[in-house]
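Heads up, the next two complexes both have subunit A, just with different partners, subunit B and then subunit C.
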Partner chain A sequence: MILRLAFASLAARALTVGMTILAIALSVALFLGVEKVRTGAKASFADTISGTDLIVGARSGSVQLLLYSVFRIGNATNNMTWDSYKDLAAQPEVDWIVPISLGDSHRQFRVMGTTTAFFERYKYRSGQPLAVSDGAVMDDLFDAVIGADVAATLGYEIGAPIVVAHGLASFTEHKDQPFRVSGILEKTGTPVDRTVIVSLEAIEAIHVDWRNGAQIPGQSTPADVIRQMQLEPQAITAALIGTQSRLQVFSLQRAINEYPQEPLLAILPGVALQELWQIVGIAETALIGVSGMVVVTALIGMMATIFSSLNERRREMAIFRAMGARPRVVLGLLVLEAVLMAIIGAALGLALLYAGLFIGQPLIDSAFGLWLPIEPPSMRELWVLLGVVAAGAIVSMVPAYRAYRMSLADGMMVRN
Partner chain B sequence: MKTLHVLVLSALATSPALAEETRQLGAHEHGVGQLDIAFDGQQVAMEFHAPGADIVGFEYAPESAEDRAAVDEAVAMLARPMDLFVLPEAAGCSVAKATAGLESEEEGHEDEHGHDEHEHDDHEHDDHADEATHTEFHAEYLLACADTSAIANITFAYFETFPNALEVEVQVISDAGATSFEVERDAPTLDLRGLF
Partner chain C sequence: MPDPDPILLLEDVRYRWPGRRAFGLHVGQLSLARGETVLLLGESGSGKSTLLSLICGTIAADAGRVLVADTDFAKLSPGQRDKFRAEQIGLIFQQFNLLPFASVRDNIALPLQFAPKRRARVKDPSQEARRLCRELGLPDDVITTRAGTLSVGQQQRVAAARALIGTPPLIIADEPTSSLDAETQESFLELLFAQSRAHDTSLLMVSHDARLADQFDRVIHMTEIAQTLRDAA
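Up next is the complex of A and B:
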């Protein structure tokens, strides 16, 4: 009975109620969206590298080295020399070592030079290895393996020719040494999806006729001649290391960090990620705080509309009272109306969030490489929704209490 | 800045002649120690570093007999990991190997397997002249445990033993990957649940 009354009362003021609900829905969607992006980003970062004990590069900062070498974000770190790499590879503690060389690009995608060991050693999402969905890993000097996003965006198939550009978004292309797509990797949800992988020698090969960042005019070494050449890189960007035993990781890290011949830095990927979250954590808290305040604002807006409706409904309330309804019933009606608004708002907010995720997911993935999973709401999110409804009920108590206190006579009086 | 004379004891050094040209210094923050823990099967390896100021309250090379006694006592205490970093009884851990020593920034690396009094004596006057000298205590432990998964927490009695120490930065490697913690004097317990 009272529920029907509440519904009918809300329906009678459809426009103001609708606006209030919309405000609550938007604020809830924003709050949950921020939460979603935050947890999604964390999971996506944490899933990107696994099974690698140490990442070694030129001495910079652990976060910078991790971001550049694994996520290809941020400023380039200095290169490390090939001599140091060979020195490290010869250490007894080192079980495997995979070099990474960055710096060239193909269209909007990064080109990474490495060895075929990369495909065995690089693991993501708690130990999952890379898989080739089509073709095979590189065999020839001019073979390239491309990530799933590269293949999808550029429409490449096995055998397609690729011209690598010098640097990023540069006009100077290594046209004389075109590559051939030899394999396409399965989608991983990591930066590998947006990477063109070639051999370390290939990175050297395309720079054979180049000096000081420009092509030597009129010089073009045929591919066959290059194949005969001894292509040993001078420098690499970073190296991934796996140790023989986990017990040796820290001593190897220390030894690398104190390596006297070259200033090197060895980082533990998990620890560097944690450092990153510590930095990002402050901004995260601020973001959550702001979106929380938006929810509060929407609820206060609801309180304001209920307050202003009290004046309109002065007579209505008085009639209820005259008909025999107790003040408590009037209070209950107003709180119920507010709770209904909050419930509809929260549900609509959830719907908005999923609609937004559905539309935004591929866009966010291609723009930021961040894969936000569409999952049923977590316990935490349900608690948030419940909290919004409860807060709505509490907030509505204030105007409801006023209606409760308003005397019957006051409502019956005709005001001018 | 004082030249860092890297004694070529580092396992990575291949050419001593080149190494002598190098000038580099490590990080040094008073009050903050560093503990690295690696769990592998039934073995737990720990590596501990702490500034001399935290352990004995001074960072010059020991001069008086008192200083020397303080350093020796500290080294002896650092060689007993179970008294500093208390593991749960249930884990059944025992110390398989423990070494501790004092190393000075100026000297670079000290031989990690012992505390060589002589080496310090050689540099004593040098150290005294240079105000920027920092010393660091260094210890390495290897524990054998019946059940490493029972190590749900580590209590840092270390803070009680060394009143100058304020914080220890902890890095842990386990099957779950690498992660880091900060353990402070106010809350001297490291919670390791979720790592096994």
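Up next is the complex of A and C:
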């Protein structure tokens, strides 16, 4: 019955109580959301590449190279020459090497030029290879293999024609080259899902009529003429390398970094990821701190609400006392109310989080390539919720103790 | 002749509100027999409510003895005092008796929550609350409505039902009718008397209105039993 009374008392102050609960719910949703994004990002980043010993590109920052070559985030400021690539490929330590050429797009998806070796060598989630769910890897010059998300978003099936645009989000499209979808990859949860993969030669073919990023006026080479051309690239964006033996990784890395013909950078994906975590770690801590503060603010708001309700509720407490409730019961009642508000707030926050995930999941996926899994709450999240409720109880002790003192002094008669 | 088993006995009780020198209460002797109805008359500010607080054990006498059902409040811990009050005394105030947000039923059943023996005397609190409401002339459907939506007269009757539930031996009413108009006042008192007689409950009612006197077994004036000091001593 005490519980029912507590609920009724809360319901009688529906507006302020509702606001308080909403504030708690939003703060909890924010906190858990930040956690979700954080862990989701970390997991998906760590799972994105495996089996590659070195990533090579033009000299820039190692994190930058990792981001654009593997995660398709940002752009390469420089390319590496095809000559350097061939030179590297001939090194005895190099077991395999896969070139990557980026810079074009199809709709909102990036186009990557590579060789068919990519499909054998690129591994994700501790060694899992790519698999073709439909069709086959590219065979013809104008064949394209698309990731699962590309197919799903654009509704492409095998044989669908594709027009490739030069640059990213550019409106000038390479209309003349009729690519077609030859294969669709299975979902991987990596940026490959959002990539259109063509051959290196195809990237060259797209740019036959282009110089310095602009179409040569009046020139439009027919597809069958292009097929006859020598389509060797001048430059590529990056290359993935596997070594003969893991022991050679460091010496090869050093050799590449000191490559005399061209300033190159070789990175170990794992090390670069660590570096990325370090950079992100500061922001991460700040983010957790800020969202934690929001929760604290909401709880302090609740405390203020309870405080301001004390005076008008003096009578209510006097009635409890007159009916035989000890001052302890009055204290407990206020804490109980706070705990109820915190529980409802936390539960509502969790519901908001899942609602947000349901709505936001595809948006976040397409915008940031981050797939946030919708799973039952983790132990950690449950602890967070429990923590919020406990903190609510602790915070409410302050006004509850004040009420305790007041009801000790008032007894069963309120003087006014 | 002294009553061998009074429900209430005060002897040589002194009380002064902390920090207030201007007012002090001294009660030489006051006793109430079981089943007796007593009207305590006194002017406003004469210390009637203070006296009731002493009887209910929410304030402790500076000197003297307060015995309710042969138990001295001074010998009880504060927690026991609260429980003892709930067991022995049904309370009705002048106004603001009820939790406005709670249902009439929960308001009536509230003291049972803190008084296990009183609770044990009631088979089904819900049924009993309904019965008391009916006896006190409240409509049948009132039981589930929120107390705050009732008229003042209805609220006082609900307070009476709450004081009566579980039949505590003593009912204390602090000017329960002063917020009611004359007609409602009369019927309220009739109902209260009928109920307390039916259960052989003692009733100590405080008022400044001498017109109610003839309905009670006994009438006491504050001036007869108590000295109040109003001068700054």
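Heads up, the rule we're going with is that the second predicted complex is superposed on the first by the 375 of 416 C-alpha atoms of A that agree within 3 Å, B and C clash if a C-alpha of one lies under 4 Å from a C-alpha of the other, contacts with A are read in each partner's own complex, and residues count from 1 in each chain.
By our rule, a residue touches a chain if its C-beta (ideal position, glycine included) is under 8 Å from a C-beta of that chain, and two chains touch if they have at least 3 such contacts.
Predicted, not measured: the structure shown is a model, and the values here were computed from it.
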Partners on subunit A (subunit B, subunit C) - clash or fit: fit
First (subunit B), second (subunit C), both or neither touched by A:P269: first
Touched partner set for A:Y259, first subunit B, second subunit C, both or neither: first
Contacts of A:M1 with subunit B and subunit C, given as first, second, both or neither: second
Contacts of A:I319 with subunit B and subunit C, given as first, second, both or neither: second
Where the C-alpha centre of subunit A sits as vertex, the angle toward subunit B and subunit C in the overlay (nearest 10 degrees): 120
Which superposed partner A:S9 touches (first subunit B, second subunit C, both, neither): second
Which of subunit B and subunit C A:G159 touches, first, second, both or neither: neither
Minimum distance between Cα atoms of subunit B and subunit C in the superposition (Å): 56
Subunit A residues touching subunit C - in the complex, by the definition given at the top: 1-2, 4-5, 8-9, 11-12, 315-316, 319-329, 411-414
Residue numbers on subunit C that touch subunit A, as the complex places them: 49, 53, 56, 58-59, 78-79, 82-83, 85-87, 91, 93, 96-103, 106, 109-111, 113-115, 146, 148, 162
List of subunit A residues in touch with subunit B within their complex: 50, 53, 87-88, 91, 245-247, 249-251, 254-261, 263, 268-271, 274-275
Contact set on subunit B toward subunit A in their complex: 6, 8, 10-15, 18-19, 22, 24, 26, 36, 38-40, 43, 45, 47, 108-109, 142, 171, 173-174, 177-180
